[in-house]
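Same chain, two partners: chain A is paired with chain B first, then with chain C.
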Partner chain A sequence: MGWTTPISWTNILSDASHFNEQIRDNLLALKQPPTAHYEANESSNFLTFSTTYDDVDNVGSQWTFTFTTNGGDVLIGLAATGRSISSFSLLDVSVDGTRIANNASGGIRQITGTFMNVSFLRWIRGLSAGSHTFILQWKHNTGGANFGQIPAGAGTSGSDVHPRFWVREVS
Partner chain B sequence: MSWEHPKTWLAEAVTVAKLNKEIRDKFEALKNPPHAEYAPAYAAGTLISTSSASFVTMTNFELTLETTGGDVLIVLNLDVDSAAYFDIEVNNARKGGADGFMGTGAAGAILIILLLRDVEPQTLTIVGKWKVPSGTTNILATTRPYFSAREIS
Partner chain C sequence: MGWTIPKTWTNTGVRRGELNTHLRDNLLYLKYPNCGVYDIKETSDYSTNSTSFTDINATEGKFLHTITTYGDGNGGNGDVFVALNATLFSTNSLSVFFRILMDGVVQNADDGLLVIFLAANVMQAVSFLIPIRNVAPGSHAFKLQWKVSANTAVLLANAGTSGRDIKGQFWVREAS
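Now for the complex of A and B:
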């Protein structure tokens, strides 16, 4: 249910369709805001050898979300565990093709060698109403034989965990 | 004030009672959704620990949430002194994999942010679970653990 800018009431003798748009539909828009969510429980873990940013799920694109927002603030969340083999990996989120952290060397979250929590929350403010695409991306610092990993329910002993990525307009 | 699905207005008389139910009560429900949390302030020296290799309940990390229907956000935030795995159990079903929702291979922070979509109106029993790969792991008492569940809009 989409959000309609509330009117300034000047006449309470409105018809039923007016009440439904302004009261029922706007209440439902607040109660059920645009949301995208995916829990990864995959046949293989996510890996990257890339030294340039690539989609974390570059096979199934399950962590690529495209949906229409109503013009409010958006909250992005990742709950995940990660590791890097040698050096480190970096996580970022692309919003309509532009990464949020978007500096030459850094990202939102760094994954170092150990099996570690890499969760984060990040607000996106000032996003216009309309269709937007959000993609969880990452890269490894050195690449080659080294890689970053997000365990994703592949049955790997000791790291059979289920990461989740979600994006939600928040009212 | 709990949430109910908004009515579809027909060609009908608009009364004070209807406006209070459809506008006032629903805005209050959106503003003050169901919420439960546990944030223990442990005394110095307190050890909350486990040596279990299978998932067990984290002592007192148990929440009850009366939902009115909608999405629920669960947060578990704490620090541990060595390796451990964590999961969230909702109405007796763990949400993660064989090794839970998240783990750490050494001392460090745990932050679980679990979004449950389209939850029907009901009573949710939400429990923090943990296990270790070996040895004993403690929740750090130097930081204050936080466990919450909230219906969100």
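Now for the complex of A and C:
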């Protein structure tokens, strides 16, 4: 159920359709705002050897979300474990094709060492009403034989965990 | 005060009671959805040496919160947020795993949601916020469990431990 900009009420009696749009539908829009979510349960863990940003799930694109918002703020969340073999990896989120950190060397979360918590929350302000695309992306600092990893429920002994990436319009 | 499925209005007039139920009460529920919050304050820290998932503390209001939810507000299923913010410690190197159960059903299969490696004698933070999706309207119990790969892990509980007197939080809230 979408959101309709609330009217300024006047002394003119409203009919039922007005109440349904302004009260019923807007209450329901607030109760269940647009949300996207995916819990990874993959046949292999997410890996990156790339020194330039690439989608974390660059095979199934399950961590690419496109949905229509009603205008305003969006909350982005990741609950995940990560590790980086030598040096470090960086995570970022592309919003409509522009990463949040928005430069080649930056990111919003660093992954170093062995099995660290790389969970984050990110508040995105003032998105216009309409369709928007959110993609979790990452890269490794040096690449080559080194890589970043997010265990993704692939059955790996000792790290068979199921990370979650999600986006929700907030009100 | 709970949530009532907003009525479909007809051109038969508006009664005060209807506005109170369908407008006032529902606005209040949106402002104050049901939640459970545990500020982790105990006389001793939590610890486990279990290599299979086990409760941290299944006392209601601790690492177990039971709340009534109202789904999408229109009779369908909805979302619940579950969050943890805590600090871990061990005198040995080991891995610590966490998972969530809703009504006794595991929400994160296999080794759970997260695994965190602890180096010996180094504190490590664990925090997450996830939506549990497609929760039917009704009463639901959300519980956090943990396990270790070996040895013993400690979850700090603001218990006065010198240098590690950290108060974490575990909370559950209907998403809206």
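Assume the second predicted complex is superposed on the first by the 169 of 171 C-alpha atoms of A that agree within 3 Å, B and C clash if a C-alpha of one lies under 4 Å from a C-alpha of the other, contacts with A are read in each partner's own complex, and residues count from 1 in each chain.
Just so we're on the same page, a contact is a pair of C-beta atoms (placed from the backbone, for glycine too) under 8 Å apart; a residue touches a chain by one contact, two chains touch by 3 or more.
Predicted model, so just to flag it, every value in this text is computed and none were measured.
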Practice problem: Mind checking the superposed model to see whether chain B and chain C fit together on chain A or clash? | Solution: clash
Quiz prompt | Partner chain in contact with A:Gly143 - chain B first, chain C second, else both or neither | solution = neither
Quiz item: First (chain B), second (chain C), both or neither: which does A:Met116 touch?
Solution: both
Practice problem: Look at A:Arg168 in the shared chain and tell me whether it touches chain B only, chain C only, both, or neither; answer first, second, both or neither. | Solution: both
Quiz prompt | chain B/chain C common contact set on chain A | solution = 15-16, 19-20, 23-24, 27-28, 30-33, 35, 37, 41, 77, 79-81, 83, 114-117, 119, 121, 153, 155, 158-164, 166, 168, 171
Quiz item: Which residues of chain A touch chain C in the complex?
Solution: 1, 15-16, 19-20, 23-24, 27-28, 30-33, 35, 37, 39, 41, 77, 79-81, 83, 113-117, 119, 121, 151, 153, 155, 158-164, 166, 168, 171
Quiz item: Contact residues on chain B for chain A in the complex?
Solution: 3, 6-12, 14, 22-23, 26-27, 30, 70-71, 83, 85, 95-106, 108-115, 117, 133, 152-153
Exercise. Within their complex, state which residues of chain A touch chain B.
Key: 12, 15-16, 19-20, 23-24, 27-28, 30-33, 35, 37, 41, 77-81, 83, 114-117, 119, 121, 153, 155, 158-164, 166, 168, 170-171
Practice problem: Would you pull the chain C residues touching chain A in the complex into a rising list? | Solution: 3, 6-11, 14, 22-23, 26-27, 30, 70-74, 76, 78-79, 95, 97, 108-117, 124-131, 133, 149, 175-176
